[in-house]
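Next, two complexes with chain A in common: one pairs it with chain B, the other with chain C.
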Partner chain A sequence: MQYSWFNRNLKWIYTLPAVIFVLLMMLFPIIYTVRISFYEWSMSATTPPAWVGLSNYIALLKDERFWHATGATFYFTILALALEVVLGVGIALLLSREFKGKNLVKTVFLLPMVATPVAMGLVWMLIYEPTIGVANMMLKSLGLEPQLWLASPNQVIPSLVIVDVWEWTPMIALIIMAGLATLPSDPYEAADVDGASAWRKFVSITLPLLKPTIIVAAMLRLIDVLKTFDIIYATTQGGPNFASETLNLYGYVLGFQYFKLGMASSLLVIFFGLVMGLTLFMIWMRKRLEGA
Partner chain B sequence: MKRTMKQWIGVSTTAIMTVTMLAGCGSSGSEAGKDQGGQATATAAATANAKPFAGKTISLVTANHPWADAIKPLLPEFEQETGIKVNVESFFEDQLTQKLTVQFTSGSATPDVFMYRPLQEGKLFYKNGWLQPLDDYAQKAKDYDFNDFSKSAIGSTTVDSKLAGIPIITEQEILYYRKDLLEKAGIPVPKTLDELTAAVKKLHDAKNEMYGFVARGQRSPLVTQVSSFLYSEGADFTNGDKAVINTPEAIKAFTTYGTLLKDYAPPGVLNMSWPQAFGIFAQGKVAFLTDANSLYKNLTDPAKSQVADKVGFAVFPSGKAGSKPYSITSWGLAMNTKSANKDAAWAFIQWASSKDTVLKTQQKGNPGARASVWDNPEGTTGFPAELVPIIKESAKAGVDHDRPTVISVGEARDAVGEIVQKVMTGETNIQPVADKANEALQAIMDKDKTK
Partner chain C sequence: MKKNKGRSLLQTLLTFLVLIVFAFPFIWMLLASFKTQAQILSTNQLFVFKPTFHNYVSVFKEYDFLKFIWNSFIVAFGSTLLSLILGLPAAYAIARHHLQKLGLLILVARIIPGITFLIPWFILFSKIHLVDTYTALILSHMLVGLPFIIWIMISFFEALPTEIEESGLIDGCTHHQVFLRIIMPISGPGVITSSLLSFIFSWNNFMFSIILAGDKTKTLPIAVFNFMSYSEINWGALMAAACIITLPVLVIALVSQRYVVSGLAAGAVKG
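Let's look at the complex of A and B:
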């Protein structure tokens, strides 16, 4: 009798350790963060956390810097994601053709993805340095005006987007290439018979068939771009004058520089909701698009 | 069946979490027990031995700082003399703060003695009850000569009129300049801020990548360096429990600093902290630089600087209120309130900050806080001869803080730094910006009072 109970519930018993692990490692921090977001806590030993209800959230919604950070987050995310998807698809199409030295090109192309983000940030800081950096040297040799790059409040986000695109486009390209490899060949043969142009084939066959792959790649990247921290922290620390301060960065500053752990937590809860909402929206979009 | 299974999961999760938490408590509990045991045996050994501290062990946490490198080879001497064994651990600056914060929050008895940054963390640590006041120890100590420490250095380590730490590294803001350029243009070394501005204008030649002036332009890092401008114009960050960064004097100081950077600094100065500012000066592209004297090696070391033999030092130029650079303790030694070996810990601090030891560490280029060592010709061998009188003079007139002395220093620095950054980005109507920043600073100070 007992033996059969064990057998019947095998799937539960074997997954139990994993379930517990997930509960401890994922759910607990989230619940704890939500809890702290209702407290005022400065990590002080003498003043214990004090319950303040929703006032952390209200303070945030009244905080100019919070809204600015939200704007910067979306500006950065939308620009980076759009460029990465377009470039990623283009590169995947190029790399899916056969040519000499293809493997070498593929390997070199994937290098940025494996570099340490903070070290990379420091290298890009040197590249962008207005007086002695390579970026301005290149502009000058092309006869263009040197730019301020990271030191200009207007250029800092596009400059950071360039770094992100450089680092992460390969990932999108990699996923798209995998998708391309699975496409059936008959539609192309039929199109060849009909005498369709390469562009026509791309728009009418490749793109629709690739749509699910592109959406998955974009979704994975979206969540990551929203959370970008390392390159911004390593290069500008949110400057100049808050211009590149995203939600993630502001959360860090609130928590570890201002020691306002309650307010930092409430910011992260809002941010968590935002990421979750966007992801659900993407999933919904995906169903709709794939259904169409 | 399904429902019971779910309950099962719930119950076992709770059980496991409880067990884990208990285990956590258990281990820290037993550690505390061990410490007490160690102390008991140590006391027993001490009574049996002639050396008062024989058998005691203290833990010392330092930053990765030249002072730590200078003190480590001297430790065997101290251990021989007192019988105290010193265990040293070193960390990078930011890691150090994090480590100390985490350890103290959990009520740890170690480290007994540690390096800390009095103006950045002093008030926070002290208010949290992590720093043992040292007044009694310092006043009673034999042959210690506490009055030998410079007033401004002690001012930096004093919180609520209690001595929270002993100064070990001091620094002042000075003016660095290019001797060759000034000579060629026939300009004397600027003595006032107006003369400085005029000289900067004269030497600025952006077309040929020669810039008049550079200093920190990043929001938070710039605050310490604009402070000397502030004091020299007769202003300050705070006055009693009022924020005063929107007075006409303060606005004049912020505008002077911001305008020098906006009009005469290399491009990209908005993003510069000291490494970038010193870097571009060392490349020979700048005529003037104001920053801490403790960083002089970045300019005089031929391995780092192309203008190593052309760097001049001068006392900070005077404004309406004279020349008032900051003269502060950038690193201090402090004792953990929870330390189990307070007397041994004090014995170490007393030795490390004694005249003899300070003389030895200062000879290795670590500017100490003892007047007698600075007056001793042997005490200044670690510094360029031209820099020594500048240091002495700056220490005399100096102000004992270089940032708002509040608990939330990071937040206050961001509030103040924004005023200068607005000047640098071309905002001409600076009064409202300063008023808003002043409000923010006032709010931070009011909140401090409740802590």
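Let's look at the complex of A and C:
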């Protein structure tokens, strides 16, 4: 009686509800999205969905706005990721020594990550405001030219990158600090005996030993930076003049402002493939680098 | 010796700079929330000004913010609770029976762009009249919370020694009783970490809510756009609203920072 049917099948009884939920909420929509991407489909009740084969994809590939959004996505992602990794490593090194108020700094570091992104987007909008924003006041007090920030098509992506860097560099820094804490001390002692400089120790010891940690942190950010939505929507909604419209934003606009559900779905299929492809590539890279 | 002193001074200065840079937007938001529109538009009352509570009063009186706070709370609490109910047993079984493949399947939800789900969900939820209900919001937010809870709890359960369970089984407990009576009571720290993060993610969620919420169930991140019209932005009220939205998550993070850091790190490393 101890091993009733219930207890014999316990591991499935425990896992199935969660798995069924995830499959229903995740797998079903993916399959559905792929299906709709082959249909001409608007939300109107009068015109039924019509099978159009690949023409949504072809229309998308001929769509300048799609290519622009792809470019904006990569521009934003590469710039943000590079800055976050470099600054994250730097800040982690700076903060990993013992000093007074370390806990305070770590606490402040936590806040950008957990604060509501939409609210933070609005605060940055005020900071970037060309006439009343504090960003331009600071530039003026330094004797520099005021900038348009979010209002300029050329500056909008770098300006948004600054927000993303502000929000997420702390996470990279915290992960790297955890990695730094586990490094062995003998190589450093040996280097001290050899009289190596601090920079030399960083390049020859710290960086190689930290490589796996840095890769993990960068991978995690890559997956998320590609999908940035809240901050862009809250501040520019893709503007000015579509300059900050990433794939995520354009997909949203196509689907829920223009109600071109078919074309939006084909964009999302491509976007999904891109994110999955890059993720798998990073996992493969990581294995190769760690194996070597 | 002199060189070392110079270096440590430089490090202190840099640390201070880092602190200011990362704290600044919060300070700015807080200051602006106590300013009148005229004070925000003028550039000579940056730090010193006569504070007003008018923005906060108007946020609650004119914009009905209590309702949005309530909506956000219901959705974040509901999705976290349901994610725990589904996630804790699943994480335990995955950890103990080495069902890594199932774990990976669930992790995929973390990688896929959330927007991929939105069109099918919207069509489906419209058909069964669930748009603008708490149910739709809770279900969608669970897709963020559940994988997170499962992944944090897998590492937590894996770290528990199996002897605890074995002694329970010898004492005559069934596996189910072992989980409920022995494992669950000692899992407090893991459950706290994962629930806090799940709550925060749901509280902050914007993309799912903007499509699936309606007038009745609008959550805070959607409601802030009420302050922006085509002609003008009511900056003071907007910043007061931003403070109100941010406050609960900041309090959670400050009170439980040890948990939140370890949770974010666990989710990060697994991610």
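As a convention for this text, the second predicted complex is superposed on the first by the 274 of 292 C-alpha atoms of A that agree within 3 Å, B and C clash if a C-alpha of one lies under 4 Å from a C-alpha of the other, contacts with A are read in each partner's own complex, and residues count from 1 in each chain.
Everything below uses one rule, namely that a residue touches a chain if its C-beta (ideal position, glycine included) is under 8 Å from a C-beta of that chain, and two chains touch if they have at least 3 such contacts.
Values in this document were obtained by computation on a predicted structure and should not be read as measured data.
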- prompt: Which touches a greater number of chain A residues, chain B or chain C?
  reply: C
Query: With the two structures laid over each other on chain A, which partner does A:Trp149 touch: chain B (first), chain C (second), both, or neither?
result: first
Message: A:Ala80 in the overlay: touching chain B, chain C, both, or neither? Say first, second, both or neither.
response: neither
Message: A:Ala69 in the overlay: touching chain B, chain C, both, or neither? Say first, second, both or neither.
response: neither
Task: For A:Ile132, select first, second, both or neither according to whether it touches chain B, chain C, the two together, or no partner.
output: both
Message: Once chain A of both complexes is superposed, is A:Asn9 in touch with chain B (first), chain C (second), both, or neither?
response: first
- request: Could you look at A:Thr107 and tell me whether it touches chain B, chain C, both or neither (first, second, both, neither)?
  value: second
Message: For A:Pro17 in the superposed arrangement: first (chain B), second (chain C), both or neither?
response: second
Query: Which partner does A:Val161 reach: the first (chain B), the second (chain C), both, or neither?
result: neither
- line: Shared chain A footprint, chain B vs chain C, residue numbers 12, 19, 28, 132
Statement: Within the complex, chain A is touched by chain B residues 1, 5, 9, 12-13, 16-17, 20, 101, 104-105, 107, 124, 127-130, 209, 217-219, 266-272, 276, 280, 283, 285, 408, 410-411, 414, 418, 421-422, 425, 451
- request: Spell out the residues on chain A that touch chain B in their complex, using ranges where they run on.
  value: 8-9, 12, 16, 19-20, 23-24, 28, 42-47, 129-132, 146, 148-153, 236-237, 239-242, 253, 257-259
Task: Please name which positions on chain C make contact with chain A in the complex.
output: 11-12, 14-15, 18-19, 21-23, 25-26, 28-29, 32, 40-43, 46, 86-87, 89-90, 92-94, 96-97, 99, 102, 105-106, 108-124, 139-140, 142-143, 146-147, 150, 172, 174-176, 179, 200, 203-204, 206-207, 210-211, 220-221, 224, 235, 238-239, 241-243, 245-246, 249-250, 252-254, 257, 260-261, 264-265, 268-269, 271
- line: Seen from chain A, its contact residues with chain C in the complex are 2-4, 6-7, 10-15, 17-19, 21-22, 25-26, 28-30, 32-33, 36, 91, 94-95, 97, 99, 104-120, 122-124, 126-127, 132, 134, 137, 166, 170-171, 174-175, 178, 216-217, 219-220, 223, 226-227, 229-230, 233-234, 248, 251-252, 255-256, 261, 264-265, 268, 271-272, 275-276, 279
